[in-house]
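What follows is a group of structures, each given as structure tokens.
Across the two complexes that follow, chain A remains constant while its partner is chain B and subsequently chain C.
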Partner chain A sequence: MDLETLLSYPWRIMLPEFVIVITAALLSLLDLFWKEQASRRPLAWIALAGIGLAVLFLVINAGQPVQEILYETFRLDGFASAFKLIFLLGAAIVFLIALDRDFGQQLPYQGEYYYLILTAVLGAMIAASSADLITLFVGIELLSISSYVLVAIRKHNLKANESALKYVISGGIATAVTLFGFSYIYGLTGSTNLFVIQERLSQGVNDGLLPLIALALLVSFVGLTFKLSVVPYHMWAPDVYQGASTPVTAFLSVVSKGAGFALVIRFLMVTLQGMADSEMILWENLAGLLVTVLSVLAALSMIIGNTLAMRQTNLKRLLAYSSIAQAGYLLVPVAAGIALLQTGEVSASNLFHIVLFYLAAYLFMNLGAFALVQLIGKETEDIRGLAGLYRRAPGKALAMTLFLASLAGIPLTAGFVGKYYILMGAVGANLYALAAVMVITTVISYYYYFGLAVQMYMREPEVDQPLTAPSSLNIVLSVCVIGTLLLGLLPNLALDLIQTQFNLLEVFLPYSH
Partner chain B sequence: MSGAMIAFFILGIITIGGALLMLSLRKVVHMVVALAFTFLSIAGLFVLLEAEFLAVAQALIYGGAVTIIMLFGIMLTQHDDRDESRRPLHKLLAGLVSALFFLGLIILINRVPWPNQAGEPLFMENTANIGKELFSKYVIPFELASILILVALVGAVILAKQDKESPAKKEGDKA
Partner chain C sequence: MNQIIVTVLILSPLIGMLLILLTNSQQEQQLKRMGVLGALIPLILSLWMVALFDFNHPGYQLTQEAPWFQFSPPGGEGVLSITYAVGVDGLSVAMMLLVTILSVMAAIASSYITARLKEYFLLFFLLEIGMLGVFGSLNLFLFFIFFEITIISAFFLIGIWGYVERERAAYHFLLYNGIGSVAMLVAFVMIFMKVGSLSLPELASAFSNTALAPWFSSAVFLLLLFAFGVKLPIFPLHSWMLRVHVEAHPAIVMIHAGVLLKLGAYGLIRLNAGLLPAELERFSLFIAVLGAINILYGAVLAFRQRDIKRVLAYASLSHMGIVLLGIAAQNESGLTGAVFQSISHGLISALLFFIVAVLYARTKTTMLDELGGLAKTMPLLCGFLMAAGMANLGLPGMSGFISEFLAFLGIFNTYPAVGAASLLGLILTAVYMLRAVLATSFGPLAEKWSGLTDIRGFEWIPLVVLTALIIVIGIYPAVLGDTIRLAVESVGHGLLTRMGG
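Our next item is the complex of A and B:
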């Protein structure tokens, strides 16, 4: 391949990624020449500017038809753009949380901290916008390895060390499991391109290879559940969420999880789509099996996450279990999508929009909650740290109440609307049992979310000083409040916006030359 | 039975034997040595498949670098560490599940109607072909992998670096 062919590819569709890479490289160089004792907070502002520029390019690219570079190892489609917007938004909020002045001063390796977040975002973006197993895998690994380092960066903190080791070991096992599944898929199809895999797998189904195909898909999926932090790979979440510094925890709970969902949805939906055309009974067997497994895992995540959260006394651990449950909710539309794949109803139903909507809602409510954890975490990370918050900082207590109500799914909040859509989606795909589990576990979750609210309003504070937040945290809190309220009060506006700006169904469109 | 078949069985036995020994040996150094046997015989299996580039890479990276670094890591830390905690029931269950999984896989794989090797032989210039694929079709993941290695390097430096100041007063420490 000569330079001319190389340049003939539409590289501009990768502009957001290039901006992030260049910003990360710039930060690492600046960090090198920065005065040794000087604060590195300006670096975070540069990172934020980079993210802003990437968002700009992303929005400019978003309206274009499906395009690809080099055999779809990179692809621009509405699905990818929408998810990348969420990741960049999440990363920007994480940077704002990390800009908290006191936090930055305690943080060793501040410069590295910032550019590793950027490389992690880059990995997430790649994992959302490729139709090739190799690129997808490298993207998700870039995200994982950056996250391992980010968790371990507080190396003089015993908890951080323990959790980083647990994270890297369980992550390594999960990666091995995923690769094992991928190797079977490659062995069966001889290709790493998802669209070629889709064609050849449906041939394989007709040739009687169904059990092996089901096994390959399931093993790959099980490995990927590590990123989603759903059962069976959920055990790392509480320890790692507690051990990592709060901005990193916030990053893991939203961006990393979102990248996992983008990858899982693209991988399962695209490879399975072709098989819906194969023999009826065989397809129903396969789809039935996958839907059952996904439903069981989603139900287990909701049950385990919500029941174990009740017994937690550490705020970050509690939010970790809550995030396991939230990932369980998000898995429901994926299962429903597979169930609806054959009839083609998946295009008619707006399951992808539901996933995106809930992820956006989750972004605001969860990052808002973590911003508050960052604020009170300076005193204690125990639940009692919230005691009397209403007296110490009424505005912040009200904001936190909103986030908790949204996480619990109380009407008029984003979380409620998202959950309602998910429930409707599950019922539409005849997954009644799953919908029932979701309702019951939601009611269970009220217990611990309200436990936190009780602390804020009814308990006496240990220190009576008013609690003031640095301006960056105030910005985060207000952005998250506005986001949660907007998505909750005007959900149709958001859904319309998603539908008109991002054609999520482009995920199914192979690029035609 | 052809010579290739015999070689395959010998290499296969060493591969699996090394892995089993690695699991059952008690001393960490012995474990790594057992693992080295597995790595090297996998390189041998690649030679049998006429993938000589992969074989050399496997021998260099796994047989050489990974094993040596693991040995260094062990030597520099607690090199007489022993694996003590053994839970027989847990082990039995894990063994049973793995055996079932293995049996299932064998049955499923044997059912696959493998097509005959068609067209040109596999071993024609496969090193050159790997290079061409890597630097044309897969250039995006390749470049990403270089960023990944950079991240891993930064991580290794952060974790392994001795901080000049004591942990208590390492505010803003950065070099």
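Our next item is the complex of A and C:
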């Protein structure tokens, strides 16, 4: 690659990523020269400013046509932009949660903490923007490795050590599985570019290579489920969520999971789309198989997540199981999308709307809940820590009630509209059994979400003092309350935004010079 | 005003909430006064709505509609819209009146509550918004939202202010009703995706004009039957309702037995009978048998209970069976009977549970073994109890008689055998009701009850008002007749023309 080619690339499409890289580098340098004992909270503010700038560039880039640089590996399309917006918003909220002063003082490596969150976000962004298996893999690895360190960063904490070790080992296995699947795909197609793979796989189907193709896709997908924390790679979540510091847990549950969905959808949808033109019967077999596998995994995640969450007494473990179930719900529109691709429906794009809308709803409700866990967690992480919260801090108890109601899918909240939309997707794709599992497990989830509400309103607190929060947490709670309510009451605000600003169908659009 | 009266009525409990919020939580008396005052506002507005209502016009009126939001349907073209649409017909007017009247009575009964009054009344008014909203919604999405609001607020009302086992009762309530409401949600999503609308006036014509796959209409019908069957409740989905009757505070049970169970009846009449008459015909024998089982099972078990609250709980179960019979009859008298029964039972059960509240406030027990001979110390209260009991067993001259008569008239036309079997239940009703009333009022008076005071002060209001309503409807059913005739004409249009033609 000579200089001329390099200079000819429209680098501005990568501006958000550049901003994050530069901010992360700047933070690491500042951290070196910062006074040893001084608080590193200003670094978090710099990081926030960086994220703000990245969002700005992202929005400026959003209207642009599809572009690819670096030999068709990095790609700007509406799909990537929409997901990146969610990652950046999530990261910003995570920073606000981490800005809690008491929390910062207990952190051994405050500076590292902040810039590792940035590199993790960078990984998520690259993964969402990849049109090539290599960059896609580099993206998730950057995200994963940053996350491993973030979980382990409280190295004098026994729980943190245990969870970090579990995280690295199971993450490593998942990575190996993913790469194994990718190697099959490369072996079958001789390419790592998603669009080339799309073409050659459809030829492959016609040449009778269906079993191998199915194996390759399934193995890759199963490896990727690690990031989604759905069955079969869900077991790490409770331990890691419990051991990691709350902001990192919040990050894993929203940004990291969102990145997982971005790349699973792109990987599956783009590679499979070409096969819609292949020989019909064979294609139906393959799509049918994938829909079945995805449906079973989604159903299992909902069942396991929701039933095990009922037995938890630790708040973060409970939210971990809840997040496994939530990922199960999010997998429903992906399965529906493949089922609709099978019938050749272009309106599969509406399924991307569903995923994005639910992710946005999940961002607000889940981060809001974690902000409260961060506050309560200073006393205890047991669910009894919520006891009598209504007496100690009525406003926060009401906010938490809203987040729980939204997670449970109670009307007038973002979570309800999201779930309703997911159900529409399932019914539209005739996945009735999956819809049934979803609604029944939703009722099971009432048990533990309302169990937390029972603590807040019907139990006596152990310490009967008013609970005050630092202003950064108050900001997070307010933002999340507003987001949850707005998306619940006026969902068109978000739906129209997604529709007009981000053309999600561009994910299917091959780039031509 | 015609445009916005229904919206104003649905949201009017917010004024009550505001009054409560502005009152200091230490001033208990003031809070209770504000609670009653707040409940009076919707009552006045509902009477105003009746004044604006045109009794010569079947179908929805006083409607208001505004676009709300749209979904892009997965696997379809265009957009699917959700509108904010409210309005009333005869059925909803009658039910909304029931809500506002019983809310005032329950607010008065709330005087027996001593703890956390402020939160209690806030949730109470939220519950009232939910109930009014369910009956006023002309869009199923909106219907579902209000339906869920009643579940959430009732969960807390049962779980915080009930008796010893209140939290278990609240969880049972939540999980059973949760399952019911998600079944309803799935049915609504299916309708939304295949028919393309959730607006009730549009659906009525859409269902009769579009050719829908038979499995689809059957699935929707059965899902809705299940959803409202949990709420009504239909045997064997009833266990939650017994717990709530026994463990919740009587003021809440007044609302619960008086209105919340009727959400099930309303749903069955409005959606199952109103939108899917062909499916109703197909499943009518099934529903009639379910109704007969409800009547007999409830009556037999009511006879065996030692706690007066449990007697009344099983009595409710038994009486809801009559609603099912009326619907299964698929004719005018049956449907009229079902609607009549919903309202009449609402008034009677509220009266009975208010009497229980008065009794419990004095004796701290509701066990039949421990009570007895109370007519000596509380002749007036026992008089009201006797009257309510008579109304409940369907004595002519009281509202219960009219509804049972009409429902049975209907079912004898359609399924005489089922009707005959159910008649046995009516005899049992007389037995268990008299047993409960006699065990409370007569017999030897225990020493400890000798000093009890009879009805006093505010307690007169609900007793007199509810008894008067029950008798007025019983003697002169035309008061309700007009609204109900309208209701049957508009809701049952598809059903009745189907049977006629």
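Worth pointing out:
Convention: the second predicted complex is superposed on the first by the 510 of 513 C-alpha atoms of A that agree within 3 Å, B and C clash if a C-alpha of one lies under 4 Å from a C-alpha of the other, contacts with A are read in each partner's own complex, and residues count from 1 in each chain.
In this text, a contact is a pair of C-beta atoms (placed from the backbone, for glycine too) under 8 Å apart; a residue touches a chain by one contact, two chains touch by 3 or more.
Not measured: the values here are computed from a predicted model.
Shared-chain residue A:Leu487: touches no atom of chain B or chain C. In the superposition on chain A, contact is made by A:Ile410 with chain C only, not with chain B.
In the overlay built on the shared chain, the residue A:Ala309 is in contact with neither chain B nor chain C.
By the touch criterion defined above, A:Leu356 lies against neither chain B nor chain C after alignment on the C-alpha atoms of chain A. When both complexes are overlaid on chain A, the residue A:Glu112 reaches chain B alone and has no touch with chain C. When both complexes are aligned on chain A by C-alpha atoms, no chain A residue touches chain B in the first and chain C in the second. The part of chain A that touches chain B in the complex is made up of residues 1, 21, 28, 31, 34, 36-40, 69-71, 73-74, 105-106, 108-112, 116, 119, 122-123, 126, 130, 132, 134-135, 137-139, 141-142, 145-146, 148-149, 152-153, 155-156, 188, 207-209, 211-212, 215. Interface residues of chain A, counted against chain C in their complex, comprise 333, 336-337, 340, 343, 345, 347-348, 350-351, 353-354, 405, 410-412, 420-421, 423-425, 427-429, 435-436, 439-440, 442-443, 446-447, 450, 453-454, 457-458, 490-492, 495, 499. Per the touch definition, chain B reaches chain A in the complex via residues 104-105, 108-109, 111-113, 135-141, 144-145, 147-148, 150-152, 154-155, 158-159, 163, 167, 170-175. Taken together, the chain C residues at the contact with chain A in this complex read 69-77, 80, 119, 144-145, 148-149, 152, 155-156, 159-160, 167, 171, 174-175, 178-179, 182-183, 185-186, 189-190, 192-193.
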